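Below: one structure in structure tokens.
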Amino acid sequence: MSLSTLTLRGFVTVLMLAVLALVPPLVDLTGNAFLIDLATRCVILAIAAVSLNLILGYGRMISFGHAAYLGIGAYAVGIPVYYEIYNGYLHILVAMAVSAVFAFATGLVCLRTRGVNFIMITMAFAQMVFFTFVSMEEYGGDDGLVIEVRSEFSRFINLEDATTLYYVCFASLLVVLYLVKRIVSSRFGMVIRGARGNELRMQSLGFDTFRYKLICYVIAGTICGFAGALLGNFTNFISPEMMDWTRSGELIFMVVLGGAGSLFGPVLGVSVFLLLEEFLSGLWLYWQLVFGIFLILVVLFANGGIDSWLSGRSKRSHDS
Amino acid sequence: MTAKAILSIANLHKSFGGVAATKQVSLDVVEGEIHAIIGPNGAGKTTLVSQLAGVLLPDSGRILFQGNDITQMPAHRRPHLGIARSFQITSIILDMTVLENVLLAVQAKAGHSYRFWANSGDDASLVEPAMASLEQVGLQNQAMQMAGPLSHGEHRQLEMAMVLATHPVLILLDEPTAGMGQEDSSRMVRTLQALKGSRTIILVEHDMNTVFMLADRITVLVEGQVIATGDPDAIRSNPRVRQAYLGEELDSIPSEPRAEDPMAHSPSAC
Amino acid sequence: MDWTLLTVQLLNGLQLGILLFLLASGLTLIFGIMDVVNLAHGSLYMAGAFLCATFTQWFDSFLLGLLAALPAVAIIGLLVELIVIRRLYQRDHLDHVLATFGLILAFDTLTQMIWGPDGQVIPLPAWLDGQVTLTADIVLPTYRLAIITTGLLVGVGLFVLVTQTRLGMRIRAGATNRTMISALGINIGMLFSIVFGIGAVLAGLAGMMIAPITEASIGMGNQIIIVAFVVIVIGGIGSIKGAFIAAILVGLIDTMGRSYLDVLFKLFMSAQNAETSAPAISAMLIYILMAVILAVRPTGLFGPRGR
């Protein structure tokens, strides 16, 4: 890793954050209100992707059910609002608490399995959540639920204002990035990364890796539940479709595209994913064909994602 | 046996699908000794070590460590009693740096790792002991390199550093010099000699030079059974051992006695 | 108890089980031998349905359409293996999941480009469209019986292929011990292609057989493939026997759950509660089954230990 590539990576990170920070004034200048929608969506999904990266990138736990937490978080806003409970602190609390409990209960089962069984059982649990909400006629079932009013916090934070909502999401992203940065370089994070590399060795050193992984799994789910609460506020609408397994697949792709196991990679992955989606869908009716092929090419040829390209090394070259 | 046994194995039995890999093994390991376990390929040496480490659980029998029954104790709890192991096939974390590997070992000894905030790489209480262990095996200059691309000999030394960093009472070494060149091999022997007396070591080894240079006592395992235990001279002259296994090899010491490719997978390696 | 309804539901469950088996047997072989997680297996199921619809139109015969569609699906399967899957053998599961997820996107869009967004109807010939009268009360649709019979025959054929032939011996050797096949000097690339081709044909056949009932539609494989994965995980990855037992089990439990769970619930809760909770629980039933089985046996019913 040479100094010049290191700065390229740092440069892109800073540039990206600066652009994100300046989105609202840019929107004011250009008058293109659509941009702020795209940016808000990007920042919220980035929080979800960063949380998935914590287990997938640093812990090699390939969860194929992470979108379930987005749904849980969004319904934690939608259902109280349906009963005219607008307290935003309560919404966030419920979103995170329910996500944590769900992650803990399912993690107890999932983390006993390995390999493809882990992938499948995480997906199975997400499907359960999916069908639970499909069957809840009271909350719209299949058709989903309109969230009439956004979470209320205080006089100073009014989420009905697009710029405020955006900055709340952006600040949340910064907090989550900092949180994850601390976690992965802490003792706890070392154990998680060690278990990714060689679980048997970690156990023979005396680590009960199951517990550490379970805690990591719960942290990731809780953060994603929080992102879900933001998403519900942003879209003003929630439906089971947000939790479909293909949504979880997209989240995985965003993480891998940006660079699994790098702090900022998922943010880049989400941005590129959404921009491409936006760009291609405007160009051609059948843009998903290009998107699918792009995905395959990324997997086959772009080891380590955008992050490793920026830092000028291929992740896989370290694996023997 | 006059000295007290730190590890006491009684009637240990383990079979895989009807094939007995460990047959009624009874063995006492005395505190402070280097106790070598030798035997031909498939004798069940690695299976035995795995049961001591807790990766495999025996079908019957008992393992006492410092008087405590650890027969059914899960693998991840045994290191906290002071049992550490190296693997026959090097087991380190390839996508971390050398220092990070050892940091993890120190961390394992330092109690729980449910610390989510402080940077472990800046933690002097972790880094200093880790560097000390690396110096013990002579890897201090490679501390910041990624572990993956290092040589095979360096991998084994790193694994040794990780073992030492946990300050174990009992060390289980499964062929520590396997696949090493002459130079690396004698460096490992020197490291082990320096530990002699301060740690109890169970050494599984193919290289008879190493065994007879280091071991205080030797146990010979053939087809899962103990056929002899004793000091090196007794083993050398034991007719059953000579007949069953060692005859020619013992005569050839100190010439190069390596009978096989040390990287070869013995069936007992699980 | 309405015996006609019960019989029909049992039959439906069996039919779903058979279709799942056709999908899952290929999936489990591909995973067992090549260690590849193929999410795009459902796309071959969809491709089978659409090709069969078109060929049926051309030949004006469902049977000819089906016979022509089978080799067409095999060719598609072989091309997919050659172009994409082959490059994934040395990769990890994450890469498999992503690349085959990309394949799904590409397949769904391609199908839409060729056939348009609407579903394709496949008309059944008169001799398959009727009903079989068992007793005065029990009347069964001929076509469903035909699906079950065909599926069972294919199952027997697969069993014979795997247990009685040279190719089958190699496939079994590969499924239990991957390094052994190369040690035996078998052309692995060829073996992999053949297995993938067989899997494609089986999946395509399942799609062709269901299409006259549901019509061929975009994305039709994306839900059933998940259920097929549930099947192979329950059955134990790599085991044909496990896939068969789990497929029938899942088919029956899913179908019976949807029809009778509310009846069962009414035994111990109020009618209103039963009617609101039963649909949710019945949709989750197979996932609950999978979670319970994996909690007890992390490698599935007939899975190898320690993979």
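Each chain gets a letter, A, B and C, in the order it is written, and its residues are counted from 1.
What we mean here is this: contacts are C-beta pairs under 8 Å (C-beta built on N, C-alpha and C of every residue); 3 or more make two chains touch, one makes a residue touch a chain.
What you are looking at is a predicted structure, and each value in this text was computed from that prediction instead of being measured.
Chain centres defined as mean CA positions place A nearest to the mean of all protein CA atoms.
Among the remaining chains, B is positioned farthest from chain A, on the basis of C-alpha centroids.
Inter-chain centre distance (chain A to chain C, centres taken as mean C-alpha positions): 31 Å. In whole angstrom, the spacing between the mean C-alpha positions of chain B and chain C is 49.
One inter-chain figure worth recording: chain A and chain B are separated by 43 Å, centre to centre, where each centre is the mean of the chain's CA atoms.
Residue ranges on chain C touching chain A, taken from their complex, read 31, 37, 39, 84, 87-88, 91, 93-95, 97-99, 101-110, 112-113, 222, 226, 229-230, 233, 237, 276-277, 279-280, 283-284, 287-288, 290-291, 294-295, 298-300, 307.
Of all residues in chain B, only 53, 55, 74-80, 84-85, 87, 91-96, 100, 103-105, 107-109, 113-121, 123, 126, 146, 148-149, 162, 166 touch chain A in the complex they form.
Interface residues of chain A, counted against chain C in their complex, comprise 56, 62, 64, 109, 112-117, 119-121, 123-125, 127-128, 131-132, 134-137, 245-246, 249, 252-253, 256, 260, 286, 288-289, 291-296, 298-300.
The part of chain A that touches chain B in the complex is made up of residues 182-183, 185-191, 193-194, 196-198, 200-209, 212, 215, 318-320.
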